Amino acid sequence: MPKEKNIRELTPWQKRLHEIIFEADTPSGKAFDIVLLIAIILSVLVVMIESVPEYGEAYKTTFLVIEWSFTILFTIEYALRIMTIRRPFTYILSFYGIVDLLSIIPTYLGLFISGTHTLMVIRTLRLLRVFRILKLGKYLRDAQTLALAIKNSKSKIIVFLGSVMAIVIILGTVMYLIESPESGFTSIPRSIYWAIVTLTTVGYGDIYPSSDLGQFIAAIVMILGYGIIAVPTGIVTNELIVSGTTDRKHKSTQVCQSCAKEGHDPDAIFCKYCGEKLNP
Amino acid sequence: MPKEKNIRELTPWQKRLHEIIFEADTPSGKAFDIVLLIAIILSVLVVMIESVPEYGEAYKTTFLVIEWSFTILFTIEYALRIMTIRRPFTYILSFYGIVDLLSIIPTYLGLFISGTHTLMVIRTLRLLRVFRILKLGKYLRDAQTLALAIKNSKSKIIVFLGSVMAIVIILGTVMYLIESPESGFTSIPRSIYWAIVTLTTVGYGDIYPSSDLGQFIAAIVMILGYGIIAVPTGIVTNELIVSGTTDRKHKSTQVCQSCAKEGHDPDAIFCKYCGEKLNP
Amino acid sequence: MPKEKNIRELTPWQKRLHEIIFEADTPSGKAFDIVLLIAIILSVLVVMIESVPEYGEAYKTTFLVIEWSFTILFTIEYALRIMTIRRPFTYILSFYGIVDLLSIIPTYLGLFISGTHTLMVIRTLRLLRVFRILKLGKYLRDAQTLALAIKNSKSKIIVFLGSVMAIVIILGTVMYLIESPESGFTSIPRSIYWAIVTLTTVGYGDIYPSSDLGQFIAAIVMILGYGIIAVPTGIVTNELIVSGTTDRKHKSTQVCQSCAKEGHDPDAIFCKYCGEKLNP
Amino acid sequence: MPKEKNIRELTPWQKRLHEIIFEADTPSGKAFDIVLLIAIILSVLVVMIESVPEYGEAYKTTFLVIEWSFTILFTIEYALRIMTIRRPFTYILSFYGIVDLLSIIPTYLGLFISGTHTLMVIRTLRLLRVFRILKLGKYLRDAQTLALAIKNSKSKIIVFLGSVMAIVIILGTVMYLIESPESGFTSIPRSIYWAIVTLTTVGYGDIYPSSDLGQFIAAIVMILGYGIIAVPTGIVTNELIVSGTTDRKHKSTQVCQSCAKEGHDPDAIFCKYCGEKLNP
């Protein structure tokens, strides 16, 4: 194996740490993952609770201490990750590398810049780190099946979303003409927002038609939206069934030496068409 | 059969009662179940009506009498269940045993403690007892099919719910930054609550975005939610179809005369296990 | 064919009318159906428009004249139906016979009783008569397929609805305890109403939780409702697929005279297993 | 090929332009499509932004200049389309021909008529032109699959929508009788509007029942709507699966050597049409 740039040899000590930090096969690796998972979830919960006005003000110092503890913990983890990987730069520039960095930087920046409210909130991005841990777990296969089903139906979904966008823009424009600004249809973009709220059956009630004609068109939009939801559902269901069928239908690839017929069950010992013994 | 602890022999009289109370095969057993079913539903209805301020105040005494009648009835039933079962402690500690106890205790506690408003309401848990009765009925098979379909897709559903949680937390955080507290986005947890209300297309309208950017992101969340609903639907539908297919796939009922194995394809001429010609 | 009670012989003139009124095979029968369809829809539209305060007051006499015209027309039709059918009493007591009567009676009763507002509105039941006409049309087969799919999954749907009812009652009770009456949770029935509004993702916004714990539980209800909708969808889709598969898979019922094997395609001339000519 | 009326011969120069404007196979044809796509989307965005009061007033002149630029561009394109096609009148009277005309006319009409607010908005119909461009693209096949699935289930969907309409009208009438006008149920059409808003789970909250009986019926409507949504989903999913299955169902590719017929089952040994032994 030729030595590439940016790839370094790991000492046995680094290899050991790499196994703990990046893999989940060993008991210590599994323990590390669980501790990290809990730390991430706790740190995100802290960000969430801190944002509640009553708590954020009252326990300001407590939150500061907790936040710095997590930041130092994640900083050590980040440093260890860089130290124990063979291609540090590939890691740093990877999706998870950037997420890891983003989850520690805001706290440090808060030292220099005031008004880091926004920065603080970026820390919820830490949540994305959870997926790396789950990726190693037993849910990987199911996540892949779902992701594959969605990926396979991607172009159908784009066609669907494109049609929905066109419907929504034209309907929004029509409602802008029909309804008065007093009902909330003050501009075409806002009317389109209403059309989306209605078509997706969310229906906040912040904007709603008040004229007879407007209500009539709204009723059509609703029934349309009610029917249209069948399309993505049909697409994804179909994909899941197709991929599932392919999975399950593992006929053996054996060909009968006597009658050359295929399609034998995996547990068949003799050809079901001519009775000849199959190759084991 | 060795005698275990806590298992006692039942007298013929107890056996007769056991058949009536725990089984539904005999006419008297069926009659008991129907009477109990009606009693449970009536007693839950009484709890519900009692909570309506107008009625609760006006007919206080009537409700008290009705409530005590039901409590005494259920107490007798509870006592009989304990008396006619061979393992009383297993029953008492079982799910239905606890539910049975919880449905009579609140009324008795009301004698000693005042302000038992909360206790009174626990009585709606009686409703859970309905399921024991239905379990014996003809809907068992269909309930099992549905439960199996949901159980089989459990890990897919966990992956799905996990992704929804992550989306909702990140979207809630983003909206907390964009929208002003005046629109109701006062903290991250409340913004997450909004994201769930929107993504699931419930859309109360108690919190909704008022800024242009907020409405734009909300529109994306809605379309996302509109599409995402396809995923659990696809999962459950697929499971129902798969389990249904397995049920229906009629392998031939032929049994090989030589090796006595079953499971041959309908068009098989020779036994696929031993090569013996199958009975035509 | 023995003569039964209440069955009379029809004169040729009656037979001719019967063909026009009850059937849709002849051109005049088809024309009659179309005229009737238009008359029904127009008369329902009149009832609807009459209920709008502005129009109802202003054109009171016009509506009275129109209403009496339709009533006389439908009365003649009803009389003709009775006169041209061989079992008049069977018709009068049938579902459509009662609907036919209900659609003319309110106007006549209005002559004797004042304050017949409610009676007037019953006239929208005329709409049900549309289904008789459609029943003869080309949509019958598709309606039957849908009805069959729903009928086949009836017991699954009952199990599903039963579970939803139980969930909704228990959740409503819990929310009644947690939330204050100021938020609209004034009684258990009203809290159950809220739970249904939320679980079905309707979300009016007339009642919504305002406490933190209430919003947390509401969020769980929403995600639950979002997932639960997959179940009826899965059930119906599965039924439609199963019934569709059975429809399409019309293998011929022929048995090869030589090898006694079945499962031949409808267009097969020779047995695909032994080459013997099949019975035409 | 006989010469028809309205078909003219194209000069080589016209043929070259035709290839660029109407087709997307050549690099210049593709470039033309992309430029046109961007121009359409930008011009629709301009119409949308212009409708926002703040921007529309402030940058009135800018919008006028932009609008005229797009109009002149699309006019040139429209003229070129007419000049380079062999049947100009067929194009002019076709769907896209009319859309092309409608997207340029409003601006010109604005010169002669004042108060052309409505006319201006018609310009969003330009969006429909996007579909012509996409039609040539790679999404055509998926759009066709979806369109076919919807077309095949058309009569089922009509039956479904008809039933929904009947349910909604009868429910609306019932609620009109039960609920007071103060809750918003002022007329039957408005009550039907409410029924649609509820059945489709949109739930604005502008009209909602306030009486106990009204809320009880509303709860039934919601659960009904929750279940009914399964029907269109089932229909479309079923169609997608059926059309997908037909695609994939691999009949053996064998051709009978004797009668040259195809379509044999994969496990066929003899030709099912002539009884000749098939090639193993």
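Quick notes
Chains: A, B, C and D, in written order; residue numbering restarts at 1 for each.
We take it that a contact is a pair of C-beta atoms (placed from the backbone, for glycine too) under 8 Å apart; a residue touches a chain by one contact, two chains touch by 3 or more.
Keep in mind that what you see is a predicted model, and the values were worked out from it rather than measured.
Residue numbering shows that chain A and chain D use the same positions for less than half of their mutual interface.
Taking each chain's centre as the mean of its CA atoms, A is the chain most distant from chain C. Repeated interface: C-D and one of B-C, B-D or A-C share more than half of their contact pairs by residue number, and that pair is B-C. Distance between chain centres (mean CA atoms), chain A to chain B: 29 Å.
The geometric centre of chain B is 42 Å away from that of chain D, both derived from CA atoms.
Multi-chain contact residues, meaning those touching two or more other chains, occur in chain C at positions 189-190, 192, 201-205, 229, 233, 235, 237, 241, 273. If the chains shown are joined wherever they touch, the resulting network links each chain directly to all the rest.
Interface residues of chain C, counted against chain B in their complex, comprise 155-156, 158-160, 162, 166, 169-170, 173, 176-177, 186-190, 192, 198, 201-205, 208, 212, 215-216, 218-219, 222-223, 225-227, 229-231, 233-235, 237-238, 241-242, 259-261, 263, 273. Those residues of chain B that touch chain C in the complex are listed here as 44, 47-49, 51-53, 118, 121, 124-125, 127-128, 130-131, 134, 138-139, 142-143, 145-146, 149-150, 157, 161, 164, 189-190, 192-193, 196-197, 199-206, 229, 232-233, 235-237, 239-241, 244, 248, 266-267, 269, 280. Interface residues of chain B facing chain D in the complex, by the touch rule stated above, are 201-205, 233, 237, 267.
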